[in-house]
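Labels run A, B, C and D following the written order; every chain starts at residue 1.
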Amino acid sequence: MELASQLLPIDIETLELDMYRTMLLARRLDERMWALNRQGKGHFAVPCAGHEATGVGYALALDPAHDHLAPHHRDVSALLVWGITPRDILCHFLGKAPDPASGGRQMYAHWGSRRLRIFSLSSVMAGHVPHAVGVALAAKYRRSSIASSRGKGDNSSEEHSPRDDALTVTWCGFGDGSSSKGDVHESMNFAAIHKLPIVFCCENNGYAISVPQKMQMAVENVADRAAGYGFPGVVVDGMNPLAVYECARLAVERARCGEGPTLIEAKVYRYLPHTSNDDDTRYRTRQDVEHARARDPLKTFRAQLYTEQLLNAGSEAQLERQVGEQVEDAAAYALAAPELSAEDTFKYVYG
Amino acid sequence: MIKTVIESIRDTLRQEMARDERIFILGEDVGVLGGVFRVTEGLYETFGPDRLIDAPISELAIIGIAIGAAGVGLRPIAEIEFADFIHPAFDQIVNQAAKLRYRTNGDWDCPLVIRTPYGGGIHGALYHSQSIEATFAHFPGLKIVAPATPYDAKGLLRAALADPDPVLYLEHKKTYRSIKGEVPEEDYIVPIGKAEVKRQGADLSIFAYGMMLHESLAAAELLAQDGISAEVIDLRSLLPIDWETIFESVRKTNRVCIVHEDTYTMGLGAEIGARIAEEAFMDLDAPIVRVTGPDLPGVPFNEIGEQTFLPNAQKIADAARRLAQF
Amino acid sequence: MELASQLLPIDIETLELDMYRTMLLARRLDERMWALNRQGKGHFAVPCAGHEATGVGYALALDPAHDHLAPHHRDVSALLVWGITPRDILCHFLGKAPDPASGGRQMYAHWGSRRLRIFSLSSVMAGHVPHAVGVALAAKYRRSSIASSRGKGDNSSEEHSPRDDALTVTWCGFGDGSSSKGDVHESMNFAAIHKLPIVFCCENNGYAISVPQKMQMAVENVADRAAGYGFPGVVVDGMNPLAVYECARLAVERARCGEGPTLIEAKVYRYLPHTSNDDDTRYRTRQDVEHARARDPLKTFRAQLYTEQLLNAGSEAQLERQVGEQVEDAAAYALAAPELSAEDTFKYVYG
Amino acid sequence: MIKTVIESIRDTLRQEMARDERIFILGEDVGVLGGVFRVTEGLYETFGPDRLIDAPISELAIIGIAIGAAGVGLRPIAEIEFADFIHPAFDQIVNQAAKLRYRTNGDWDCPLVIRTPYGGGIHGALYHSQSIEATFAHFPGLKIVAPATPYDAKGLLRAALADPDPVLYLEHKKTYRSIKGEVPEEDYIVPIGKAEVKRQGADLSIFAYGMMLHESLAAAELLAQDGISAEVIDLRSLLPIDWETIFESVRKTNRVCIVHEDTYTMGLGAEIGARIAEEAFMDLDAPIVRVTGPDLPGVPFNEIGEQTFLPNAQKIADAARRLAQF
């Protein structure tokens, strides 16, 4: 994907169109994977529907050429901004050999790419949060410890951020459910002590599988925990990509300048079941889900683009066609891609 | 009555909870949803939110809180959604639950049951396929059971709930719906620490548990076609292990094949093999054989990878044939 | 120890004298154990000096006949209120067979007594915090689940609190260092969701061994974390037993009525090294320590009792004599007590 | 130069940190205090707070953060203050560090060294005496080393720091100051995966590591007085284990005695015993013998309890004598 808006200064119209196109692509990929799963192809789907605005909003606020991601599992839209392709996604979904995240070893939604600085995810909820802090520690460490002695020793693995005084930033996403884990507490506390260049983002969709927020915590906002660690916590409408973008930009800038972490809580909704193995009719009514459709970013942001005359029936149809082609190309590619071989199953235990 | 493993567990939970109000279940999605595998389906409707507590994603707290409640006389059942996610609670299990009685000179105890689905074969990949029994079998103070049949699922669950010590009750998720069998309505207990000879044989002994018991029984059928008579023993109880039954079988067959899905090195087969080489050495006519998962960090998602990882009847029969011919 | 003041309503003068006597006993026991350790008797001492006012303040605010303790390791004064005797303490210190906490199996300061409802401590910092929550859950569970069906089944292990509608309360102490652990986060969150009858008390002495507070957290008060869980957090001068007492009474009452947890942060100071294996000269100056002596509750509260004419030279000398006798009796008893035998070493692996 | 184990570790840390700026140490009390055992004494003064990071009590985060930093090219050394407190980080070690390379198809790696003091004998009771090697030896993707001498302490630490995978570097705290030996100034590496024959012998083989190597060598002296010639092998590397050297010794002596301080069931002796019974069975003239700690939840504080728990030269010699006479 080309995203002209990634280059600053931002052209707001390009930005909005980029956002919409990426959200649409994420949604259509989601739908395609769900359909494939229902056809018995792909054992495991993890819908992102409802989380697209948050993903696209934050990813565009970062610098995909230098910053690091430790994303939430539903961040397909962010990954598209970051350079993960629809083919990558479908290969990962089908567990095929070209899957760049795991070569078909991990279940879907276990993102990762060393080249793109996306730290590999496991299934363990919140297990990646300390890794993200470690990546942020490395960014600060490199500047203070290695940069201070340039020329000495082997600096081959060193990274440079575009501004010489600026830090690369790590974005760490996780769900409301994951926020309950000790990993998050220990990680936030450490990041605060060292004022690390990291942004924590809790994508609060109100559920940890079936467990509703009120059985997960006695507070309304996860963001309120930030004060207890000594950094700002902000609540944002995660269904509004521009709101997320702005909020993320501030937090990223803060991190980049060495002022430390921010916790952003993006209020979102998950429109589909937790995964393809879940039956959400057991714990929420169809009315609840329909009610939440009013906030669907694909609907509201589309309306906004129509109002702003950035989109019309013609350009929308063209966009849908383009996106549809990308999705079909990805699906065809992945369906035809080779399986993990028995031989390769034994590789990469040690380096 | 014929039941699946999952029905047997569910019905036993229901019966025991009705009988003993000290029992409650604490775990993620155990209440309203009835568990991600539906083990606790319908129990919330009967017993309500006090006794089926939907926990936040806090494995450490789930176990730690259950320890506290057990210490003061309740009978908590802590459910870990997948065995792979028990590791965040590792400290609470091995440093707290397993040591509470010993460290207090017998003053405190911890009658806690930890239930968790384990094992591969359902495309669960690295983090929804793990076998955890060997790791925990290292810790005196704990007990571990792994029923393979609906009958044992009930008998061992009742034994675990009656036990004064922490019991890790392992449910092989592949058996949940695929394994059916007779489950008597009346009360009975399968004692912790007793194995069962599932098939008599003369030429070699296969020791297995969980899903691998069924693969081993299928292997024994294949072997019978070749005229090899395999004795198959379901260990069921993994800590403590029923050494008596094992040694008796070794005395009879003089050949040992240990089967588990878990990885090879330091899998439970290590202890079984070493103990036989220590205490039944003179009864052995051939090297010990272990048929296990390979030493890989996890089961791959891709089906070819998954099948490459998992032992099955064919692989067991192949190894047993070589053993019989030794 | 007789503590008339445990019976309500409180006679303030008796209360203050009780407090002072208990703090003095705790301090003298501390000194005795330190001296024994320096003489090569007792491999491990954990000083409580500086924490006495907090312990005595909270223990007197609870009901030792019904409530539960999961204490901090430095809570000797609280344990004395609770019914642990100087002989118990010295036997525990010397690892002798009559040690009621562990029969000589655990290191010193690993308290526990089932009879007295003191949940056994391990060495794992904060590992006991979820246990305390479990005990509190049981108190609520018994009332809602078992009490609702009195007469049915076996209620032998059931407990009754003095007021029929009141809950037994669990007090859970831990240090500033321990507050960094995930255990504390997960425990507080759970206790808040279920409004459990528990009081968390962070005894903040500014250090986790050598690590000063500013390297442990980026905030001034651990108490500020409570808001993120949805219950009150209070800071109290942990060197003032009356202040702790009052603050604890409010929190205990709240818990008892089913209104849920409170987090109290008691600001204290540890006058001696972390343990007998520590050398605190490496991480804090003698001036720092001396400076903190101004707050020493043994000094300030004594002065207050003199001012209030509850103490004078004569009564103080008598008190010191009584306390000294108790300490010497305990030491003599424990030194002469039997060791753990080889045979008994193998007991109590299973029940 | 003659050094103690602790001096050898400290000097090696200093040298390697001076040479490679990617190395930093993260752990409780490692900086200003220089570690509770003084392993890192003086390093803070040289390398400052960026490279000796005094961590809060957050074992999970210490390991998890080190994994993150290792993933992006630094060389973190995570110190766990006592091995007994590694359990809260268990998930990060076995589910994250050990699996990172495999789960990413070799894309990511985790060159992380975890240092931690383990073992008993210093009145540390249940929570300052644990042996953790067997628990972690179950996890492919990890490596584990346990040097017993000042020479190996340096050589294995350098090997660990040069390794592209996570290495658990176990320091037996009883050896810190009690074991002295020659440590060359020049650079050398003791390769991970190689055992060492410490004493040649003909009648039986003793396999040991850590403090128990020294007890085993003392036992060999006692045995020599009885005319029994014991070969003593220092395993040093516990994952992977040097099977070649083990099998070679078994071929020579035909009698196996495995010694460790850890508890019996599922201690590392289980794997060693089983593997020998599997791959060197025909070389065995007697049952395998394990001399280990008893199956108790922990080492008691009381000295009688502690000595009852721990194996020593006398206990090893007694068992070996019986083995020689078999």
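The rule is short, and it goes like this: a contact is a pair of C-beta atoms (placed from the backbone, for glycine too) under 8 Å apart; a residue touches a chain by one contact, two chains touch by 3 or more.
Model, not experiment: these values are computed from the prediction.
Asks: Just grab the chain with the largest centre-to-centre distance to chain D, centres being mean Cα coordinates.
Replies: Ranked by distance of C-alpha centres from chain D, the top chain is A.
Asks: Taking contacts as defined above, which has more of them, A-D or C-D?
Replies: Between A-D and C-D, the larger count of C-beta pairs in contact belongs to A-D.
Asks: Find the geometric centre of each of chain B and chain C from their Cα atoms only, then give the gap between the two centres in Å, rounded to an integer.
Replies: 40
Asks: I'd like the Å distance between the centres of chain C and chain D, where a centre is the mean of that chain's Cα atoms.
Replies: 37
Asks: Measuring from the mean C-alpha position of chain A to the mean C-alpha position of chain C, what distance in angstrom results?
Replies: Taking the mean C-alpha position of each chain, the two centres sit 45 Å apart.
Asks: Among the residues of chain C, which are close enough to touch at least two other chains?
Replies: Within chain C, residues 102, 104-106, 110, 122, 124, 180-183, 186, 189, 193, 215-217, 349 contact more than one other chain.
Asks: Quick one: which residues in chain D touch 2 or more of the other chains?
Replies: 55-56, 58, 60, 84, 87-88, 91, 95, 99, 101-103, 126-127, 140-141, 295-298, in rising order.
Asks: Can you list the residues on chain A that touch chain D in the complex?
Replies: Within the complex, chain A touches chain D at residues 68, 70, 99-106, 110, 112-115, 117, 119-120, 122, 124, 127, 129-138, 141-142, 144-146, 149, 152-154, 157-159, 182-183, 186-187, 189-190, 193-194, 347-351.
Asks: Quick check on the complex: what are the chain C residues that touch chain A?
Replies: 180-186, 189, 192-193, 195, 214-219, 224-231, 260
Asks: Can you name the residues of chain D that touch chain B in the complex?
Replies: 60, 84, 87-88, 90-91, 94-95, 98-99, 101-103, 126-127, 134-135, 137-141, 239, 263, 265-279, 281-282, 284, 286-290, 295-298
Asks: Can you name the residues of chain B that touch chain C in the complex?
Replies: Residue positions touching the partner: 19-22, 24, 50-51, 53, 55-56, 58, 60-61, 63-74, 76, 88, 91-92, 95-96, 99-109, 140-141, 143, 164-165.
Asks: Residue numbers of chain C touching chain D in their complex, please.
Replies: Residues 43-44, 95-97, 102, 104-107, 110, 122-126, 177-178, 180-183, 208-211, 215-217, 277-278, 282-283, 339-342, 344-346, 349.
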